[in-house]
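First chain A sits with chain B, and in the next complex the same chain sits with chain C.
Entry: the complex of A and B
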């Protein structure tokens, strides 16, 4: 019953989305009224809402006749994780994907219906149609199951351990799909005639929305990985992680090339806007088709060929539409010591990092048919390529305050103090400890950025920050520097030990000691849970830590949930690896990770900077450009969160 | 004048101190361990995308031990790496060698850097209005278009290459191509050769989990016997004999283990062994044992 209703929702979307494409095409070509087209876009959104709501209802009502619920639901699953199970497996997450995509479509449809917007809406509607078709035909979660099982296995146990599961995937999807708007606008610009010249102004707030949510999503994902997977890290250069990083890199570049109206960088803007969404599609293909083995890729599926075909089509359409263009208008050259130069260098570097991550991710796919062996590209490759490039990018983030003056001497004078701070940091840290060249330069670059931002005129006071036109950039670059310090410090100064302890024995790492008190086993509802209790003491303080080892027989999977004592200076990270059958001893891993908190703080500051930039952009437009029709500026309506 | 000299002096001092710090820390303290350095370049065959340094699987532990042993014997990191490649194939490398498709790892980023750099340089140059020199215009346009189409064709070719590769992969392989069981077995033989029977037994157990094979179980029993775990050996041999009651090797290990655990029944088992396989290479030794 619920299953039929859900399928009906998908089919309704499959009808509404192409209808919207046709109606928007009519608006674009014949200047027809936009109201029916808008209604069709809203119809597609309603269809996606219906499908999601029905699947949620089935999950919460334990309707195991629905295939997705039979595979991912369970009577033992707590309410919160029952709600999040919607996106815990592929077919359901595709519904969330559709919901977000149709939501962006309906929001963007609200603005002034000029030719540019109509053309862009055609593109968005075509993309929506494709994903509705994918969900209906290739990954329909609503198919009936016979006979109806009495219970289900519940979602993947790894996804039932952390509250971040509730927000990480939706944020990530909001980031991915937000890029469809700049992409559609870049494609539409050459088709829309005179309207098309304004595409970047329209696209930038959407790129900001996408960037902000994607940043938050990626950092939350790293936090989840740190808090649940129990290996002590947060980033493994895994294909799924790389797939989220790729569009982030190009969108970061786009946010910079589009500064100041993007004048003189027209081509860069359109290529980067297209690249963002194309990389989202490519990433979707890589992670959803089972083509790349990954820790958190969804398993094999029939979606591969369909997604690949769509990626190809999108690449072709982009090439044909944005390829040959009128030569840009005349303009003066860019002075060497100026912000545009820094923006260009930054873009070149970010594009190179993206190329590194892209080839590292797809190489196993390319190499296997050629050599017959399954090559793998480990973190070592990225440490040698992406990390040095990232350090240079970080250095560039310290330049904007200095580049506010125009002459070379002035720029150098303003760079003197940050430069001295950077050199002093490198000298002090390098002589006191031996963190390695990469981390050391990262510390130096972070000192350069932070000093530059703090000594810039007008910034250190809150009033100065409030007045500053570039306050979002200042905040964002500070967040990046904090993140870099956290990453470099936790990667170099972390200390780990692993031992099998009998009850009463102690493991020591530096000044932190953990004594095993007891090992308890329990098996509620068939899920075996082993909990070790340890007293962790350091510097006169002590507290109780209880890392958990959980075994889920329904999925034959063990989950090691670490006990983390997070501090401002360092985290004490305890993992239970194994226990003896008699419960008298346990293998324990004790890690002391310094400054990990800075990574999350940097991510939060970056997200806040994105929100600030968004509100500044929207407010500036409301003030500066009252719309001729007297209505609010279209962008403001769509972009306000 | 004095101020400028002071600034210059400070700058030189800072530069020197920073260079000293950088030089001193070029070899990070954490990676000074040669075993970890080699292990970082090798992949754990039983895991997905983890290097030997990070992995906690028993195979990785044993492979790290092999690295430590070979390092102790004075082998260079390159020799150890070659030894692993010769034994387990190139899949064991954490990063493909820089030839064949592996070369792409360096060529593609280099091309991206050069291409984007060239485009940036062109953006930086001043552009005169196109109509100032009408004679130039067609040539300029002609020269720009092939570059664009070439780049576009390259992009499409990349996607097609991915498509072809993805097609070959169907149905998708989730398990890594390097068979963890085979690696575990090879490691176990190596460990036995080095007379580290405890570790070898652990590897055989690992292999048995995925491939419950009597041959492997017998090797496990032998290894346990040599590791002085007679009870374990007896149990393993017993399992073999459950499937094949006449297995000569099973009877042999069982008998030898029973000599330690239950001496009263040992001679009966060994006699049965002699009856089943009078020509076994170990038979004369057993006859000697029983005779004495």
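Entry: the complex of A and C
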């Protein structure tokens, strides 16, 4: 019953989305009134809302006649994780995807319906149509199950361990799909005639929304991975993680090239706006087709060919629409020591990092048919390519305060103090310990950035629009520097040991000692839980830690939940790896991870910077609105067809 | 700004540098997958770091202090594996497993770690951060 209602919702969306595309096309071509088109876009959103609501109702009401509930629901699942199980597996998460996508469409449809917006809405509606079709035909979660099972296995036990499950995926999706608006605007600009010139001004706030939510989503995902997966890390260069990093890199570049109206960088703006969403689509293909993640091709997903086809189609459409252009008119020369040069170098570097990560991610996929052997690219590849480039990007983030002056001597004078701070840091850290070259440069670069930001004249005094823009950039760059210090320190100075302990024995890492007190087994609700109790002592203080190992028979899967004592200076991270059958001994992993907290702090600061930039942009619009014919940012001379 | 020919040269230099960086970095970070049959047929290919996948032969798992010994089998071929340290809890006899390491001179495969098994997919030890697809 519920299943039929849900399928009806999907079918309604499958009708509303192409209808919206046609109606917006009429608005664009014939100047027809926008109201029916808007209603169709809202209709697509309502259809997605219905589908999500029905699946939530089925999950909460334990309606196991619905396939997705039979596969991912369960009577034992707590309320919170029953709600989040909507996005705990592929078919349900596609519904959330649709909801966010249709939401962006309906929001963007609200503005002034000029030709540019209408053309962009056609693009968004076509994308929405594709995902409705995908959900309806290839991954319909509402199919009926016969006979109806009495209970389900519940979502993957890993996804029932941390509250971030409720926030991280929706934030990621908000980030991914927010990029559809800049993408659609970049595609629409060459078609929209004179209206098209304004596309970047319209696209920037949406790019900011996407960037901010994606930043928060990625860092939250790293935190979750650190707190749940028990291996002590937060980033593994896994294809799924890379898929989220790629659009983040290109959108970061876009936010820089579009500064000051993006004058002189028309081509870059258009390419980066398109690249962001194309990489999102590619990432969707990589992670949802089973192409990369599964080493042994156990799961053949029917979505693979469809998604790949759509990615190729989107690339083709982008190339055709934005490719051939008149060369932009000649520009007056720009001094070498200036912000445009720094932005250009930064963009080239960010795009190179993205290219390098992309190659490492898709190489196994391409190598298999070509060489006939399966292969995987290890983290070492990224450490040698992406990491050094990222350190250079970090160094560039220290330049903006110095580049506010125009002459070379002035720039150099302003760089003297940060440069000295960086060299002092490198010398001090290098003498006290022996980190690798990458970590050492990262510390130096972070010192360079932070000193530059803190000693810049006018920080943090007078308000005013221009200055508050700088405030957001300053905050963002500071967040990046904090994050870099956290990553470099935890990667370099983390110390780990693994041992099998009998009760009463002790494992030591540095000045931290953990003594095994007891191992307890319990089986509440069919899930076997083993809890080890250890007394952790360091420097005269001691506390009790209780890492857990859970076995879920319904999924035949074990989850190890670490006990983390998070401090400002360092985290003490205890994982229970295995226990002996008699309960007399346990294998334990003890790690001391310094300055991990800075990573989360850096992420939070970065997210705050995004929000600040967004609020500044919105306020700037409000200030400008009373004079609609007044100061318009002249954009994209090369964007006209 | 830089003039057009100069810009083209700059792009060419950047591309060449990027290609050099990538191929250099791939040199010994690429790990190949081998089956027990392939390792037995061509032992030299497994002297470099590879991943070996197969079924953990029932009854073959022995613990010797901190070292675990077992055999991996695939379509009739078997390779002995030596793994130091505790294999993860998901590692069981009769189940499929993937180990990463290299073939020792004594014909025993020295595993550095067992790649964790997830649902019915293999993934490198740390599973991905995105939950939606971790089925």
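What we mean here is this: the second predicted complex is superposed on the first by the 608 of 641 C-alpha atoms of A that agree within 3 Å, B and C clash if a C-alpha of one lies under 4 Å from a C-alpha of the other, contacts with A are read in each partner's own complex, and residues count from 1 in each chain.
Here is the rule we use: a residue touches a chain if its C-beta (ideal position, glycine included) is under 8 Å from a C-beta of that chain, and two chains touch if they have at least 3 such contacts.
From a predicted model like this one, the values you see are computed outputs, not experimental measurements.
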**Report entry** Fit or clash between chain C and chain B when superposed on chain A
**Finding:** clash
**Report entry** Contacts of A:63 with chain B and chain C, given as first, second, both or neither
**Finding:** neither
Query raised in the report: Which chain makes contact with more of the residues of chain A, chain B or else chain C?
Result: B
Query raised in the report: Between chain B (first) and chain C (second), which, if any, makes contact with A:229: first, second, both or neither?
Result: second
Requested in this report: Please indicate which partner A:366 is in contact with in the superposed arrangement: first for chain B, second for chain C, both, or neither.
Outcome: first
Requested in this report: In the overlay, answer first, second, both or neither for which of chain B and chain C A:377 touches.
Outcome: both
Report task. Pick one for A:159: touches chain B only (first), chain C only (second), both, or neither. Result -> second
Report task. Using the touch definition from the top, say if A:87 reaches chain B (first), chain C (second), both or neither. Result -> second
Report task. Using the superposition on chain A described above, determine whether A:571 touches chain B (first), chain C (second), both, or neither. Result -> neither
Requested in this report: Identify the partner contact of A:355: answer first if only chain B is touched, second if only chain C is, both if each is, neither if none is.
Outcome: both
Query raised in the report: Thinking of the overlay built on chain A, is A:555 touched by chain B (first), by chain C (second), by both, or by neither?
Result: second
Report task. Among 3-11, 21-29 or 111-119, indicate the stretch of chain B whose C-alpha atoms run into chain C. Result -> 111-119
Query - Intersection of the chain A residues that touch chain B with those that touch chain C - result: 231, 233, 236, 238, 264, 290, 293-295, 299, 331, 333-334, 348, 352, 355-356, 359, 363, 373-381, 385, 498, 577
Requested in this report: Note which residues of chain A are touching chain C in the complex, please.
Outcome: 87-90, 93, 156, 158-159, 165, 168-169, 172, 218, 221-222, 224-225, 229, 231, 233, 235-236, 238-241, 243-244, 264, 287-288, 290, 293-296, 298-299, 331, 333-334, 348, 352, 355-356, 359, 363, 373-381, 384-385, 498, 500, 549, 551, 555, 557-558, 560, 577-578, 587
Report summary line: chain A partner, complex, touching residues on chain B are 7, 10-11, 14-15, 17-18, 20-31, 40-41, 43, 48-51, 54, 56, 89-91, 93-96, 100-102, 104-105, 108-109, 111-113, 116-117, 119-120, 123-130, 137, 140-141, 144-145, 148-149, 152, 155-156, 158-174, 176-178
Query raised in the report: Which positions of chain C touch chain A when the two form their complex?
Result: 1, 14, 18, 21-22, 24-26, 28-33, 51, 53, 66, 85-90, 96, 98, 115, 118-135
Report task. Give every residue of chain A touching chain B within the complex, in rising order. Result -> 231, 233, 236-238, 264-265, 267-268, 282, 285, 289-291, 293-295, 299-300, 304-305, 308, 311-312, 315-316, 319, 323-324, 327-334, 336, 340-341, 344-345, 347-348, 351-352, 354-356, 358-360, 362-363, 365-371, 373-381, 385, 416, 420, 423-424, 426-431, 433-437, 439-441, 444, 492, 498, 577, 589
